[in-house]
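So, here come the structures, one by one.
Shared between the two complexes below is chain A, which has chain B as its partner in the first and chain C in the second.
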Partner chain A sequence: MIIELLTQIIFWAFVILTVGSAIVVVFSKRIIYSAFALLFTLFGVAGLYVFLAADFLAASQLLVYVGGILTLIIFGVFLTTKLHGMSIPEQTHQRYLAIIPVAGIIAILFYVFFSVDWFAHASAAEPTTKDLGKLLLTTYLVPFEVASVLLLAALIGAMRLARPREEDQDD
Partner chain B sequence: MNFAPVLLFFAAAFALVLISLILNRLLAPRNPYPLKLTTYECGEEPVGSPWIRFNARFYVIALIFVVFDVEVLFLFPWAVNLKTLGMFAWIEMAVFILILSVGLAYVWAKGDLEWIKPKPDNYLPTQESK
Partner chain C sequence: MIISLNHYLVLAAFLFCIGIAGVLTRKNAIIILASIELMLNAVNLTFVAFARHWGDVTGQVFVFFSMVVAAAEVAVGLAIIVVLFRHKESINIDEVNLLKW
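For the complex of A and B:
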């Protein structure tokens, strides 16, 4: 009983953290505040993954998104010229045209929300990482190894794009 | 729940920071004056705005980091199965890491890990041949 209540409290704490920081991300006037608020949004989403018994997904969310992608976003913000003189005009363009994709995304989200049986696995809540790893190393061995080739291609491609243009001359 | 210990770790980490901040506020005497409130720059007087553009190298290093971050993620389900699957799994991961090391060798050889890259002016073929 007390554990049920505690779980509920923790769940709603994660919901408030996620939605609250997401609102800051969208409405903050300073892009750097948005970037740091995104940290809490991504962390909150990781917490919600745990509630859906997707613990490996939660770990990857923490490791890759909070640890990696967010660092990249923050460095990206640091590189923007607009930070000079601390005047960062946050402009909204094509406000009415944006309604179409947003409505589409909301429709998809609602469809997923109502079509998935959210409580099917959440009650079991056994760690999934071990089974996932077993499948990855036996049944899905080839996709697993191909993933490393994909990562290699991504690394080389990203480096190629990030390098200064002058590099083209010495190739 | 199985993940209560994880949450406890997060709560403990959060509480530790919060408690040390509160203790600091309660115990430390507060006597601020303008000189004390200036940004600490290793004894140097801070000049200009801190909102400068960062060296683009940071971004490149972060890009490389993300790729190896994903590699670490794959180590995670591998590590919990290593005892049961044994040598076979070990070789699989060795191949996986080997393929990715090619990427590390590539960025290393291409000089992407160098902190200060030569200016475009020094990059012309005439200068390089000297």
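For the complex of A and C:
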């Protein structure tokens, strides 16, 4: 009983952390606050993966998103903000027009979620890392290899793009 | 009250819509990229919730691949943003009209 209550409390804490920091990411006036709020959103989603018995994905969420993507985004913020001179005020546009598509999409999603009867398939909450590894190296072996090629291509492409041009380097 | 599938679905729907709001309203290209990450995370959460609900790990495999694609996307996207900043001294997307006619 006490464990159930504790689980509930931790679950709702993760939910509030995720949604609250997601709102900060989108609506914060200062870009660096947005970047750091994204850390808490990604961390909250990793916590929810643990609740869903996806422990391997929770670990990779922390490694890939918090360790990799977030670092990249913070570097991007630093590289594209003028440290000298005036800072550009963060602007928003179409603030009221955007309500229409957002409300429409949330209405459609809620309609689908609550009108369809997702038949339950009760199963014990046990770690799925073993099954995931088996699937990745048998059924999904080809996509797994293609993913590594994609990562290599993205790595080379990003380096080639972000490098200064040769004529700029000469002077 | 037991934490059911619907809890995760509603949470993911909200997260997705926050991401859409960010893409539609913000002008800074990096925030737009972060909002896209929010949307990807919302969809991943839905996948994992259904994988748990049906006791099938295939949904988690999909999330694994979408994480790979997200990492590649962010690396290339930020490279483009850095190059853009070098050219235009700004990453305000309203000023990016190279491909507009």
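Simple rule for what comes next: the second predicted complex is superposed on the first by the 135 of 171 C-alpha atoms of A that agree within 3 Å, B and C clash if a C-alpha of one lies under 4 Å from a C-alpha of the other, contacts with A are read in each partner's own complex, and residues count from 1 in each chain.
Basically, a contact is a pair of C-beta atoms (placed from the backbone, for glycine too) under 8 Å apart; a residue touches a chain by one contact, two chains touch by 3 or more.
It should be emphasised that the depicted structure is a prediction, and the values quoted were computed from it without experimental measurement.
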Partner chain(s) touched by A:Gly67 [first = chain B, second = chain C, both, neither]: first
Touched partner set for A:Val45, first chain B, second chain C, both or neither: second
Chain B versus chain C as contact partner of A:Phe78, first or second or both or neither: first
Touched partner set for A:Phe110, first chain B, second chain C, both or neither: second
First, second, both or neither for A:Leu137, with chain B first and chain C second: first
Which superposed partner A:Ala158 touches (first chain B, second chain C, both, neither): both
Which of chain B and chain C A:Thr18 touches, first, second, both or neither: second
Partner chain in contact with A:Val149 - chain B first, chain C second, else both or neither: first
Larger contact residue set on chain A - chain B or chain C: C
Doubly contacted residues of chain A, that is, touched by chain B and again by chain C: 7, 56, 60, 64, 68-69, 72, 75-76, 79-80, 125, 132, 136, 147, 151, 154-155, 158-159, 162, 164
Sites on chain C touched by chain A in the complex: 1, 3, 5-11, 13-22, 24-28, 30-31, 33-35, 37-38, 41, 44-45, 48-58, 60-61, 63-65, 67-76, 78-83, 85-86, 89-92, 94
Complex contacts: residues of chain B adjacent to chain A: 1-3, 6-7, 49, 51-54, 56, 58-60, 62-67, 69-74, 76-81, 84-85, 88-89, 92, 95-97, 99-100, 102-103, 106-107, 110, 112, 117, 120, 123-125, 128
Chain A residues touching chain B - in the complex, by the definition given at the top: 3, 7, 10, 50, 55-56, 59-60, 63-64, 67-69, 71-72, 75-76, 78-81, 83-86, 125-127, 129-130, 132-134, 136-138, 141, 144-145, 147-149, 151-152, 154-156, 158-159, 162-164, 166, 169-170
Residue ranges of chain A touching chain C (in the complex, touch as defined): 7-8, 11, 15, 18-19, 22-23, 25-26, 31, 34-35, 38, 41-42, 45, 48-49, 51-54, 56-57, 60-61, 64-65, 68-69, 72-73, 75-77, 79-80, 82, 88, 90-95, 97-98, 101-102, 105-106, 109-110, 113-114, 118, 120-123, 125, 128, 131-132, 135-136, 140, 143, 147, 150-151, 153-155, 157-159, 161-162, 164
